[in-house]
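Here it is: the structure, laid out below.
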Amino acid sequence: MRFRFARLPMAFALFALVALAALPWLATPYMVDLTTKIMIMAIFALSLELLVGGTGLVSFGHAAYFGVAAYAAALLAPKYDAASLPLLFAIAVLAAGAYALVVGALVLRTRGIYFIMVTLAFAQMAYYIFHDTKVGGGSDGVYLNIKPELTILGWKPFNLDNGLHFYFFTLVLLAAVFVFLTLLLRSRFGCALAGIRVNETRMRAAGFPTYSYKLAAFVLAGMLAGVAGFLFAAKDGFVNPELLSWHQSGAVLLMVILGGAGRLHGAVVGAFALTLLQEAFASEAIFGSFAKHWQLLLGATIILAVALLPEGLTGVADEIRAWRLRRRDAGQSAGATDA
Amino acid sequence: MREVLLRATAISKTFGGLIAVDNVSLELRRGEIHALIGTNGAGKSTLINVLTGELRGANGRVELDGQDISAWPQHRRARAGLGRSYQRTNIFPGFTVFENCRLAAQAGHQRPWSLAQAAGRCAVSGGAAQRALRLAGLEGHEHRLAGIMAHGQQRQLEIAMCLATAPRVLLLDEPLAGMGAEETVRMLELLQGLQADHAILLVEHDMDAVFRVSSQVTVMVDGKVLASAAPEAIRANPAVQQAYLGGAQ
Amino acid sequence: MKTMKRRPGMVMAGLATGLLLAAGGAGAQGAKVKVGFMLPYTGTYAALGNAIENGFRLYVQEQGGKLGGRELEYFKVDDESEPAKATDNVNKLVKRDQVDVLVGTVHSGVALGMAKVARETKTLMINPNAGADAVTGAMCAPNIFRTSFSNWQPGYAMGKVMAEKGHKRAVTLTWKYAAGDESVGGFREGFEAGGGKVQKDLTVPFPNVEFQALLTEIASLKPDAVYVFFAGGGAVKFVKDYAAAGLNKTIPLYGAGFLTDGTLEAQGDAAQGLLTTLHYADGLTNAKEKTFRAGYMAAYKAEPDVYAMQGYDAGQLLGAGLAAVKGDVKNQAPLIAAMEKATIDSPRGPFTMSKAHNPVQDIYLRKVEGKQNKVVNVAIKGLADPARGCKM
Amino acid sequence: MDLATFLIQCLNAIQYGLLLFLVASGLTLIFGIMGVINLAHGSFYMMGAYFAYGLAPFVAAWFGESFVLTLVLGLALAVLIGYALEWAFFSFLYRREHLQQVLMTYGLILVFEELRSILAGNDVHGVNAPAWLAGSIPLSDLMTYPVYRLFISAVCVATGLVLYVVIRQTRLGMMIRAGASNREMVQSLGINIRLLYRIVFAAGVGLAALAGMIAAPVSTVYPNMGSQVLIICFVVVVIGGIGSIRGALVASLLVGIVDTFGKVLFPEGAGVVVYLLMAVILLWRPEGLFRSG
């Protein structure tokens, strides 16, 4: 575990931002739509990265907060009117945060693999509540038929029905979440989380209320997942219990690991990589009739990635840097003993 | 009489059926190094863990500055001025030496909500960390990774991290373990320098060191206090010689 | 290589752009009608997805590869029976491949996601299987058609049949999900209209297949009959468990047709004699059925099933529409009008479209004999779905 | 619920619990001793079920119909596959973080699922129970109990006993127990940890496949059957305490009871009860009922 949040991979972030901002002029509407979806998943993955890479808490039930926010948005929006965007957004995010607060307060008593499993248990409970009861339309799910609107004194700055507007709305939120988390992780709060990840006992002995810190991180991560969940509901207008399923929790965890846990941009890269790989492997244009065996290709690629890229896709550069640092340091300490 | 900073009264702690600490009382005064000796498994580390609140569910009363802190959680005790070091080096191996100390110092100045400022730019914790590193003799090593330093240096860092939290009471669990002769001397000098405005509990196996610096020695056997007196009196105590010093020689 | 290591993001973005261009740029505008299959090609329902596609392609082949004088171009997306991905997957067809017609799918949750997109983009959609009532109920739209059934239909028919057989008290059992609830709802309506009474509704969490506890519960309730809704692996296991528990000898079991469709080989003796209701059956004698069966056997070396038939009829329905507009698929209003008015000469027997675009069709009572669901009689003739919630 | 029904439900609960135990025991071994979060365990269960379906015709053609021989052959094959998989995919992973193993085993699920589709197709298949186990025993005036289900329970109990004896009485078992409680100690004792891991992994795969084969005649074989078993097995392992065979047994029975009575008594919340049980137990005992023993 290296301490490197202070060093922001600025170049990456700026390049990605410019590339994403330029995309709509280079790409087909479908690409824009797909990228919107990937950016939503990237926000989702970033929220989990705060827990996995930032705090060392591996949650296997993160889809619950995503789903709760999506359901909150779909269920609480008025049926025949456009909902107020800021209001619905706030409600969805707060709903996710509230559920994360309840779950977090309980599950943070456990550790390691047990933590992984209890988070899963609470997510499954939420899943079955939406799947088996009439709260959210059962297994068929519910719709959000009219997209929420932002009106400032009768003026509408943008219209989410327009795919391009939605794209930029998502991009702005993604950038905001990324910047927010970058600041957060290099702030004192973030450093305390990093300390907790590495050595919680020491942090407590130094005087940090580590439980409160972890709970704050857990709720924050839940709320950020809620941002993604809100966007998902608003984009497609279709919310289904499967959003809370363990497949979904697993998928977002995979994005974080594949991109490289411990690096913020890893979550973004992971979201793009996993979605695009699947897109590519399932595409008949590229793989012809073998495309129906896309799972085989995706599975094999994942296995190869684990074997060859232990630190994830974004870890390659860091590994080289760490190796150099170690070598330099080894030279230094050898020199010190000589003296 | 010097001012009592930490007073522990009738501390007991059991694990299942096993009594690890049995009705132990002791007082730590400002200006004093209080040595705690005893064989392995005598309950010394357990006692420290109870005093700092790392272990919960003990009987007895712990007072800091005359205030009952028995019900306080560990982090609150730490922030009230109770600092400790660990017997086994317990640092953040992937962080730099400076960051280790700075993070410890940050405990006294947490402000988790101030997101705009990078942690590394926090002047308060940075200054405290720098002072602690100087005291512990780690100046010049700030930017090395803690995990790949020599063992003795890691022990120094352990102390520096404890000092960085600006404690008034130091509970040091075998700080000299694994240190070379030169480093030991330096560490003892450091402790003697700190003595003036700290109360120090020193758990140690190095008897020479103990008798050199301490003004009070408590001997624990099987979780109980066997004797507690000035070093000369302990050296002369037949029960202690029988149970501990004799056995060792 | 060097830049790749330093800037993985750039590589990913580059890959993304390239990939998307490749995928999105394909398929220039031509005279072909673009048909998008959104069906499960992996996972639990993969076999169903293949059968539907085969059925559809068979009809088109029979027409010389053309409908309404136009050639067809096919696009395929694996929907994985994953509702969470439904709208993304349907967007691949609608936005990436810009298909004119959507054909799909099996899973009800996915179908509802599809219907949502189809409504919004006004893309013509033909649903060849998923029975969710809402597709031609609350979600109904001029451009959404179904060639299969609504969950309500077989359930309602079976309710009638069981009441006519003199059963007074019945217990229902299904997975706890929308399709099951709808089927049981239809059954209750039919059964209680015929003077029966549903004693208790039992459910199993989806997709749990441990039925033993509920079999015991059924035995202790001692109803006159049991109505169940299961499909696929769950159907096989339930029928076998029911027989193994000896209940088939004392409490007759009835079900919606999927209980015994595509599953008889696996169910073996346990299914013999079971009565189910569906819009299709083995042993139908109409002429279309014969040519369909022979054609399918010749093309795919396999017996067609109900899914293949529904796919085939999706082809017929589209063909009827396209014929009316001479293949001009963009001319939607007359196309839809023609599809609404069409009488489909289906292997199941002729059917028409209801106002909500669900088949008005005969529901058969079938009996399992060997590996076949032999038709016993027509349970209800020309049954139309009530299309509750449809404002069309 | 009258007494007779209650007793039958208890029998159902135990029977279901025992089957869960058989699948979960392999998972808890791999989990506890190697620290591998093996998401592919459900795939091994599915593999076993497809062995029971696919091998039977071969056995019938070469040796005459024999259920037992099919079992033995399938088990041997599964153990071999497990041994090879450990060598190929896991042996280089132990020094990495757990998360990497999650990723690896997820990749394996996809590969197995697709191989299954290519090799065995996507249809549902039934597997016949052997004739000598085909009968049933009357339980109440209406219900009978199939002999084959009793056979399943017997196999589960027998497997449990064998595991108990191996773990308590043999040198291998000593190493396994040591490995579950303290990995460093095993290494310092000079035990060949790599070989131990390989054996444990192969045994875990074998147990999952055995469960799949035994269950096949009642569960039938169908695509994705593994993923349904997987999560419930994780629940069992975590409730029981990771690495504890005894814990897995107790937890399986608990889950069996809760699931069985949950379905009957609270049909609305039947899906939730098992997870509720897990959450409650972990909040009460954060390391499960029996920590590695």
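The letters A, B, C and D name the chains in turn, as written, and every chain counts its residues from 1.
The definition used in the following text is that a contact is a pair of C-beta atoms (placed from the backbone, for glycine too) under 8 Å apart; a residue touches a chain by one contact, two chains touch by 3 or more.
Just so you know, these numbers come straight off a predicted model, no measurement behind them.
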Partner chains shared by chain B and chain D (touch criterion as defined above): A
Number of hops, chain C to chain D, where each hop joins two touching chains: 1
A-B compared against A-C, more contacting pairs: A-C
Furthest chain, CA centroid comparison against chain A: B
Chain A and chain B, separation of their C-alpha mean positions in angstrom: 41
Whole-Å gap separating chain B and chain C, where each centre is the average of the chain's CA atoms: 72
Centre distance in Å when chain A and chain C are each reduced to the mean of their C-alpha atoms: 35
Distance from chain D to chain A - Cα centre to Cα centre, in angstrom: 33
Per-residue overlap in chain C, given as positions that touch at least 2 other chains: 42, 176, 205-206
Residue list for chain D, restricted to those that touch at least two other chains: 113-114, 117, 270-271
Interchain contacts (touch definition) - all pairs: A-B, A-C, A-D, C-D
Complex interface listing, chain D residues touching chain A: 31, 37, 39, 89, 92-93, 96-100, 102-104, 106-111, 113-115, 117-118, 231, 234-235, 238, 242, 268-272, 275-276, 278-279, 282-283, 286-288
Interfacial residue positions of chain C with respect to chain A in the complex: 5-10, 12-13, 15-17, 19-26, 41-42, 75-78, 82-84, 86-88, 91-92, 95-96, 108-109, 112-113, 116-117, 120, 132, 134, 176-179, 181, 205-206
Chain B contact footprint on chain A (complex, rising order): 1-3, 6, 180, 183-184, 186-192, 194-195, 198-199, 201-210, 213, 216, 325-326, 329-330, 332-333, 337
Chain A residues touching chain C - in the complex, by the definition given at the top: 11-12, 15-16, 19-20, 23, 26-31, 33-35, 37, 128, 131-132, 137-141, 143, 235-238, 240-243, 245, 247-248, 265, 268-269, 272-273, 276, 279-280, 282-286, 291-292, 294-295, 313-314, 316-317, 320
Chain D - residues contacting chain C, complex: 1-2, 5, 8-9, 12-13, 15-16, 113-114, 117, 121-126, 128, 136, 138, 140, 142-146, 148-149, 218-220, 222-225, 228, 259-261, 263-264, 267, 270-271
